[in-house]
Amino acid sequence: MDLAWYWTALIAFVIINFLLISASVLVYAERKVSGYMQNRPGPNRVGPFGFLQPFADVVKLVFKENIVPTLANPFVHSLAPMMMVVIAMAAGALIPFARGVVIADMDVSILVLLALTSISVYGVTLAGWSSNSKYSLLGGLRSSAQMISYELSMGLAVLSVVLISSSLNMVTIVEDQAGGFGLFAWNVFRNPVGCILFIVTAFAETNRAPFDLPEAEQELVGGYHTEYSGMKFGMFFLAEYVNFFVASFVIVTLFFGGYLLPFESVIVAQFPALADSYLLMALQVLTVILKAGFFAYVFIWVRWTLPRFKYTQLMTLGWKYLLPLALVNALVVAVVLAILH
Amino acid sequence: MLSDFTPLFIQLLIAIGLSFTLLKAAALIGPKRANTIKLTSYESGMDPIGSARDRYSVKFYLVAMIFIVFDVEVVFLYPWAVTFSEFLDAGVGLGVLSVVFLFVIILAIGLLYDIKKGGLEFD
Amino acid sequence: MEITLNWYLTLSALLFTMGVLGFLFRRNAIMMLMCVELMLNSVNITLVAFSQYLGDVSGQILVFFVMSVAAAEAAVGLALIIAIFRGKLTVDVTKINLFKY
Amino acid sequence: MDLSQAYASMTGDLANTMSLLIVALAGLALVVFDAFKNRHAATPWIAGLALTAGFVFEVSRIGSAEGMAYYNMLRTGGSAAFVNALVLGSGVLSVILTAPYLKRIGHNIGEAYSMILFATVGMLVLGSANNLVTVFVGLETMSICLYILTGFIRSGPGSTESAFKYFLLGAFSTGFFLYGIALLYGATGTMDISAMRDTVADGGSIVFWAGVAMLLVGFLFKVSAAPFHMWTPDVYQGAPTTITGFMSTASKTAAFASLILILNVALPGERWSEVLAVFAVITMVLGNVIALSQSNIKRMLAYSSIAHAGYILVGLAAGSADGYSGALFYLMVYTIMNIGAFGVIALLEWDKKEGSEQTLDSLAGIGYKKPLLGWTMAVFMFSLAGFPPLGGFLGKWAVFAPAVEAGYVWLAIVGVLTSAVSAYYYLRVLVVFFMKPEDAQSGAAATNFVIPKSSAAVLIFCVVLLFLLGVTTYAIELTGSFF
Amino acid sequence: MLMTAPIMFFVFAIVALAAALGMLLSKNPVSSALWLILNLFCVAGLYLTLNAEFIAVIQVLVYAGAIMVLFVFVIMLLNLAELPDLKKVEWRRIIAFTMGMGLLSMLTFISANALDMLPNPPSLAAAAENGSVTNLGKALFTVYAMPLEIIGILLLAATIGAVVIAKRKPV
């Protein structure tokens, strides 16, 4: 929407704070859910049902000492976590929360999102390089090698979505899924392989769940953030949680109808006054947050069930199976579109 | 156009501001008791051997190199994806499909070559 | 005050010359490659500026091809650097200039 | 632009540019074949057959009228077919010479042949390009394949360094070349070479001439003309010898053909003759003088190929239709001479460093030991020097005569003088081959290798062609008919 | 709106020049790589002020996001802090300097004053339309289809060459 710049600044500030709070909620949710999965209650001492636990962690981190190892490059050492957090937050500007409610609405918004993910590789590489220790450098190289391998398949999955909606603008992609009672025209039904591909690559891009080998404890002593401590270490975690929350928003926007209420056309037919009222907008914001919340739960659920990949399996899956599959899927979608036409 | 991108720049500025204040706050509040033992890089208890930045295997270079080539290919396909429906309306869908098929096959041969000739072995 | 085509051309001329000077003065192999990337980048600015002022799309198509050529050059150039300096770092480096005039 | 007619002329264009299609598809097939069957014996055969098929197709197209393909991107028929035939012919001869050579030096890798095919695709596109975008794409494909070919076979430490030096200077000249294209595009508003002349204001603006100057820098680097020739000796010495033959002939042909097209069609005025004349003189003098002082035979031939670029520039400096057709004829003769000369040297390498450290004296008395090599080398050296019965003489005449007609008599005189100088170092090779007594411990005595039949056939074929070109005037009329 | 085009142009132009200078003068290869990445971002911003937004995003995606990753990888791989320089002869630098200065004056002279030949700058809508993805897509896959296939072959050749050269054992 084209508001004056100070209104956009205000909404941007609101969105960033929303992402910060949701990150801490997710930290809490993850520890609670993983606790119940392992038949233990999870944090419940700090505040009602342990709800203030994440805020206690943040305060603890602020008071921790910020150690920069010798011979490390101090500027780059603090630049890396900042870069990771900034990129994770910036992606929040592209997601449409309701019809007409999006901070940055550009004709090429899905490409800007891919560009941001391709920049986040630097955060990891520089973190590894700047802390001047063999383990963190190797961990940094390994996780960035993993991220760039899966970025290709993500690009091709997005390509198949763009083929169907023939536009790079995320709002148009969501509107394109509005047909068939707002449910059956979702891209997940029209392009299932693309959806699975995108979800798997989203896991790999955010270094989550089965793909988090580079910072696995027993593998590489904590990978690229071995030498980080205090708030910088906290920022890596903040970036990771914001990343996978934004990733679940993008999954929802591309494949699960974004802010479209499931039977929107039927509901509007019933209550014509609802057509473009603020109530509908509020409902749409609610649906997109609920859908994204469900996928955030899937992220957490998968982390505590699936075992971790070995590095060889991880790269072989990325190059020898996902990439050819993504290529074939894009071409098959094109051929099907040509036939249907 | 440029006007569409300004909200993104504003969000970036706010995000930079926020992360900068977080870091500055932690740096100011946190204690400063550095001593040489604490500052050596962590080697699970033993003192570090050799410089950290000696050479690692060529695998990482090969992965990054193959990544660029395929990134460029995917970038070439985006304009096709956007205008594909217009090509279909104009009735020349088959023509553009043949152009794209040839382009994708050329680079699929590149991928096949990399897989067979050890560019992507991670033993 | 209006930004005319001259501004873009002057800027890209400056960046191009910086690339050329960097290439001639820096004797570090990777730095020379980066200067070449900078030169190609500055030419891209001229191409896009002309393409937009002429209202013709072929300038931007050439920018596409220049980017893929820059990617191919970076891949081959760095492969050569790795082939040289992997072999050389174990061997005495002063033999780098094998052929005199 | 209505999309419905987008691919109407595609099938017609594919038919017209069949050779490009054959070579490209053969290259792709070779990559797949080599990925599964590493270093299979059939790889050179497939490459050779594809190039021959392309050559036959292009020869059949030489007579047909000039046409355009792919939205005026490529020219077909007439002079473009002649240039393509030259490139493909040089490719065929080089593949036949490379096959036994690679086996002998033990680096028989299959990718070399697919790389030669891809380099040929780049040269075919560059040679017949009619649009600045296609010129750039063709030039870059050719250059990158040649950087890889030089850096591929690492017998000595030299070849990777020379490949890297070639790569750096090549990338640097691409920057200038591209800046020239950008300025030309801005000045004339179009990328189409044939449409450029009428959109240029009378005499063209400063931007136009600056663009042409930058373009010239890129072309002169590619054809290794004087001020930009620093890379040539090291690269020709470091690369595998038969690949050097291919590189020095086919890439020069494609680059000169594109330069001729731009000078002939795009540029309005005659102002470029003086500039080209100056470059021609520097190249001829520098190439020949330094060649005198060379001890390594490969390095000497590298400087001689720089000098020959100067002779061709003389034809371009004439600026007339005869000048351009003379240059094309000279390119044909030069291709045959150079491939032959490098072919002979490829067989005489026993220093296990692809001839990079092989001095001239180590070849003493080889003429008697291997009469076939001795006599074929004699023919090549005489033709390179420009003696009458052989093609070299007619080539030099076809290039100097238009220069005299265009009023550059002094240029022709310099040309003849430098050819006389060149005769000295060419004949010195023959003196070493025949007159010098063999010193027992040096290389000549130690050789007991047998000359592979295919290489012998190629050398004899080149010798026969040189005699034919020297005697008959059919080829000159053919190139004359293009402009 | 606050961010009008001239202000954005000057911001991007000055930061681009400063980044290029930073790249040339920095000692450590990684810091010069970072300066170059900053320069690439500013050039992408310049494309935005020219309303070619697709090219701007592609520049960030391909140049800053892929090519520079390879540069940073190689710098880290080869531990190039003390990379041995390719020796250059002293007198060459004097020639290089004069040549560079000559080139600089020529180019700036050309672009600064000779450009009255092109009419007025493009209207905002026209430029955006000319640089739009649909316009590029249609031209790229019909008129420039042949160069696209040749670029495919170029990329294939580059992959094969790079794999073979990088994997050969040091000799």
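Things to note:
The chains carry the letters A, B, C, D and E, assigned in the order they are written, with residues numbered from 1 in each.
Convention: a contact is a pair of C-beta atoms (placed from the backbone, for glycine too) under 8 Å apart; a residue touches a chain by one contact, two chains touch by 3 or more.
Predicted model only: the values in this text are computed from it and were never measured.
The minimum number of touch steps linking chain B to chain C comes to 1. Using the contact threshold fixed earlier, the set of chains in contact with both chain C and chain D is B, E. Listed here as common contacts of chain A and chain C: B, E.
Distance from the centre of chain D peaks at A, each centre being the average of the chain's Cα atoms. Averaged Cα coordinates give chain B a centre that lies 18 Å from the centre of chain E. Per-chain Cα centroids separate chain A from chain D by 54 Å.
Centre to centre, using the average C-alpha position, chain A and chain E are separated by 30 Å. Computed centre separation for the pair chain B/chain D is 40 angstrom, with centres defined by C-alpha atoms. Contact with two or more other chains is made by residues 5, 106-107, 111-112, 118, 129, 137, 141, 148, 168 of chain A. Of all residues in chain B, those touching 2 or more other chains are 3-6, 53, 55-56, 58, 60-61, 64-69, 71-72, 75-76, 78, 82-83, 86-87, 89, 96, 100, 106, 109-110, 113-114, 117, listed in ascending order. Looking at chain E, one finds that residues 1-3, 5, 49, 51, 53-54, 58, 61-62, 65-67, 69-70, 73-74, 76-78, 107, 110-111, 115, 118, 127, 133, 136, 138-140, 142-145, 147, 149, 151, 153-166, 168, 171 touch two or more other chains. The list of touching chain pairs reads A-B, A-E, B-C, B-D, B-E, C-D, C-E, D-E.
Only residues 2-4, 6-7, 10, 28, 31-32, 35-36 of chain D touch chain B when the two sit together in their complex.
Interface residues of chain B, counted against chain E in their complex, comprise 1-6, 9, 51, 53-56, 58, 60-62, 64-69, 71-73, 75-76, 78-80, 82-83, 86-87, 96, 99-100, 102-103, 106-107, 109-110, 113-114, 117-119.
Those residues of chain C that touch chain B in the complex are listed here as 64, 67-68, 71-72, 74-75, 78-79, 82, 86, 89. Residues 55, 58, 61, 65, 68-69, 71-72, 75-76 of chain B are the ones touching chain C in the complex. The residues of chain E lying in touch with chain A in their complex are 1-3, 30, 34, 37, 53-54, 57-58, 60-61, 64-66, 69, 72-73, 76, 132-133.
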